[in-house]
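Here the structure is laid out as structure tokens; the discussion comes afterwards.
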Amino acid sequence: MTPRNAKVEGPVWTRKDLLGIEGLAREEIELILDTAPQFVAVSQRESRIKKVPLLQGRLVVNWFHEPSTRTRTSFELAAKRLSADTLSMAAGSSTSESKGETLHDTLANIEAMHTDIIVIRHKCAGAPHMLAGRHKSHIINAGDGRHEHPTQALLDAFTMREHIRRLRQDPAATLDGVNVTLVGDIEHSRVARSNIHCLRALGAKVTLCGPRTLIPMDVARLGVRITHDLRDALEGADVVYALRIQLERQGAGLFPSLREYIRLFRIDSASLAHAPADALVMHPGPINRDVELSTEVADGARSVILEQVSNGVAIRMAVMHLLANSGR
Amino acid sequence: MTPRNAKVEGPVWTRKDLLGIEGLAREEIELILDTAPQFVAVSQRESRIKKVPLLQGRLVVNWFHEPSTRTRTSFELAAKRLSADTLSMAAGSSTSESKGETLHDTLANIEAMHTDIIVIRHKCAGAPHMLAGRHKSHIINAGDGRHEHPTQALLDAFTMREHIRRLRQDPAATLDGVNVTLVGDIEHSRVARSNIHCLRALGAKVTLCGPRTLIPMDVARLGVRITHDLRDALEGADVVYALRIQLERQGAGLFPSLREYIRLFRIDSASLAHAPADALVMHPGPINRDVELSTEVADGARSVILEQVSNGVAIRMAVMHLLANSGR
Amino acid sequence: MTPRNAKVEGPVWTRKDLLGIEGLAREEIELILDTAPQFVAVSQRESRIKKVPLLQGRLVVNWFHEPSTRTRTSFELAAKRLSADTLSMAAGSSTSESKGETLHDTLANIEAMHTDIIVIRHKCAGAPHMLAGRHKSHIINAGDGRHEHPTQALLDAFTMREHIRRLRQDPAATLDGVNVTLVGDIEHSRVARSNIHCLRALGAKVTLCGPRTLIPMDVARLGVRITHDLRDALEGADVVYALRIQLERQGAGLFPSLREYIRLFRIDSASLAHAPADALVMHPGPINRDVELSTEVADGARSVILEQVSNGVAIRMAVMHLLANSGR
């Protein structure tokens, strides 16, 4: 069964927006993952076909209210490889928002010019949802506060699945029963939140590991295992996923000293010795080298960090294609 | 008579630039308005044809020296829908101007790379005119100080005419004798100035209404009626056009208190009761909600504010097409 | 022998990157110069062919860490006229670098999305070289500190050669024996450094002229003549190349007073009287009018400053084409 067949025979995409992973059915997540491989091929440097005309003449607007290089670039490239036109709306001093306009009014105005997809990143959790309910454009959440970052979780799951399939030499292998350990600041991480929802929906077993102050109390109800012992967390892990430490949080009292964090939770050759020899190492970037992840591990043979980035373009192509070309 | 026929039989465009409405002949303004409908069709979200190749391979440069989301975006989309290449030149710290280069030298340099159309917004009245006289590219004024904002007036007139035609069920109706009331800060508004010139040229009757300090003494010579009584201004109005109040002017002594402004000049359900039941409500955006315009009116059935935005792309396509593809 | 034949019969391009002029063979420089004329034709405002498909579907990333209008724009246009997709990565507050990521990690991430050419400007000399050694994309140095600005030197040499050929009515004339005088702040100029290497490789005779504090001691070993007397420098010059004075250096003690600089080193009608009547005047821009160059000379008949800008796009098209479509 090829991914293309999967699309024809399997479920079809029926949602207007991609706002988060929470609430998506397993079939929906798998539909996105199964749509991506054709776009991985288009995105290769060696590929002769550099673009596909699936969004020809459509308009994709990147509307980022927080700094971003890789995510903004990834969406922009995804749109361009689908032959869409793209538009970047800077948020901040050079925009109408500096004149006191609301998000709704700014979007209503942009939409009046006939946009198709709005990719939004915003510091307020729920901002994309609030907009999606009132506007016709397809909204893609590119990160909302500490809430969700759904395309990151999808590209992560896709990367894990590809490697599991290769490792097991089984092209239909799923993430059922795969052990994934997330290490670090779970509390403030929208990447962690989306990954937990995504991995649980796909049948993976999720372990969270980090300082007590950085793991929210109520996260256990999501069906994850929690431990504060890195050695315990890494035993039996198929995937070790290091989260980014936001260094500016150190002063806030929630955070142990950096030296202590490194001693207890850094993924490096020493700590990684407790994981199986073929465990993958992942990170959402940008890395604080030698803080949450040692340089030798980040650049080592087990690391698939740059593959995550490559797959990100393909996953975002898949999402945009499904949103814009579904029945809706 | 279709708009296309109008172009063939009627006047042809002979100007190199669009610097302002003042001085344009009625025939020139109508040529632009008659060129726009074909581009309204292209700009629909539902349209199968998303682009026309009228500016294929041409280069349109957006050169904005003041903050703008909607105008800059509207010009950029207009250019892209005409298949032009676009280039944004940020003004400010990351540019040659921060190295002390003059506007003329910067433009001469950009033009040496073979630009076709330069869209410029500048805080100094007359900056586009100064440049137009010395450079080969077609210059479009996207707002110069308090002076003019010609494409805004054109899209406003187009929106009014479309509605008058629909209302009267007469596809050839003009703005002759139509009553348009502009309310607010006339003094500091380039939108008001361009609209007065445009509406007068098209035969409309223009009433200005606002605090005495915000209506310039000499504006009466433009053939407009002035009143400081909103009720008087709205009686018989076919179009009620609320201008944006620039809140930062409050401290300057010219401006009444905000409470007083709202009490005397706000367009809301209460004040609008004095206008005819089918009067249109317009605003150039961005709106200060519940200052110059109440939210219920802004979002109400009489408001055509988002249609103004949609028509803006088509009008700008018409202007660019006429400038670049005329005999010159 | 046409330039096209030169490409077929002559040397082929074998380098992955263009990092500087130093170390390039004369044949390599001439290959670039001989590749440019076809792109000069495409870049004309009157040309019917506005684009060539040589980089269709390829991705060119502009990554500028210092302010630039003309160079960034020139590279962007060059890429677009080759039908490449372009992406601008702003450096600074809105990027991952503000989160502490290294240049290497940022580039590795961008490259994981399959870029073809990276155009980089950076305040640190050697930054492009450091990146080129570790990344697959073709790197073009668009200016690194005081070190090199190779495409500027190539467009300068191309402009000189075109004029010498026209003047001598010899379409195969070279720069052998042509006298080029560079005037001004040699010490801090990457433009001067690249020009010296380029002109020497092409057989020109180079004279440097400026205040003692602004000419580095060791530059004589590059085979140039040094003088501090402008009259002496201009006698017999075929080309007079004024460098930009960075006015902010005045306070640093290295610099004479502005009045003194102007008196001794400004290129104006009076000083230019010492040069041959057909000497060309050049400047890399942006000009400090009436400081290093008088307005009448900058805008006069001998000035080819805007031709330098026009040729810049063609030279950059040539460089991108050679890098991306060579055997490598």
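Going by the order they are written in, the chains are A, B and C; count residues from 1 in each one.
We take it that a residue touches a chain if its C-beta (ideal position, glycine included) is under 8 Å from a C-beta of that chain, and two chains touch if they have at least 3 such contacts.
Everything numeric here is computed off the predicted structure, so don't read it as measured data.
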Open item on the list: Counting residue numbers used by both copies over all numbers at the interface, does the chain A-chain B contact come out same (over half shared) or different (under half)?
Closed with: different
TODO: Could you work out the angle of the rotation that brings the CA atoms of chain B onto the matching CA atoms of chain C, rounded to the nearest 5 degrees?
DONE: 120
Open item on the list: Please tell me the distance, in whole Å, between the geometric centres of chain A and chain B computed from their C-alpha atoms.
Closed with: 42
Task: Junction residues of chain A - those touching two or more other chains - done: none
Open item on the list: Looking at the complex, which residues from chain A come into contact with chain C?
Closed with: 43-45, 49-51, 64, 67-70, 73-74, 76-77, 80, 90, 247, 285-289, 306-307, 309-310, 312-313
Open item on the list: Residue numbers of chain B touching chain C in their complex, please.
Closed with: 56-59, 85, 87, 89, 93-102, 105-106, 108-110, 112-114, 116, 136
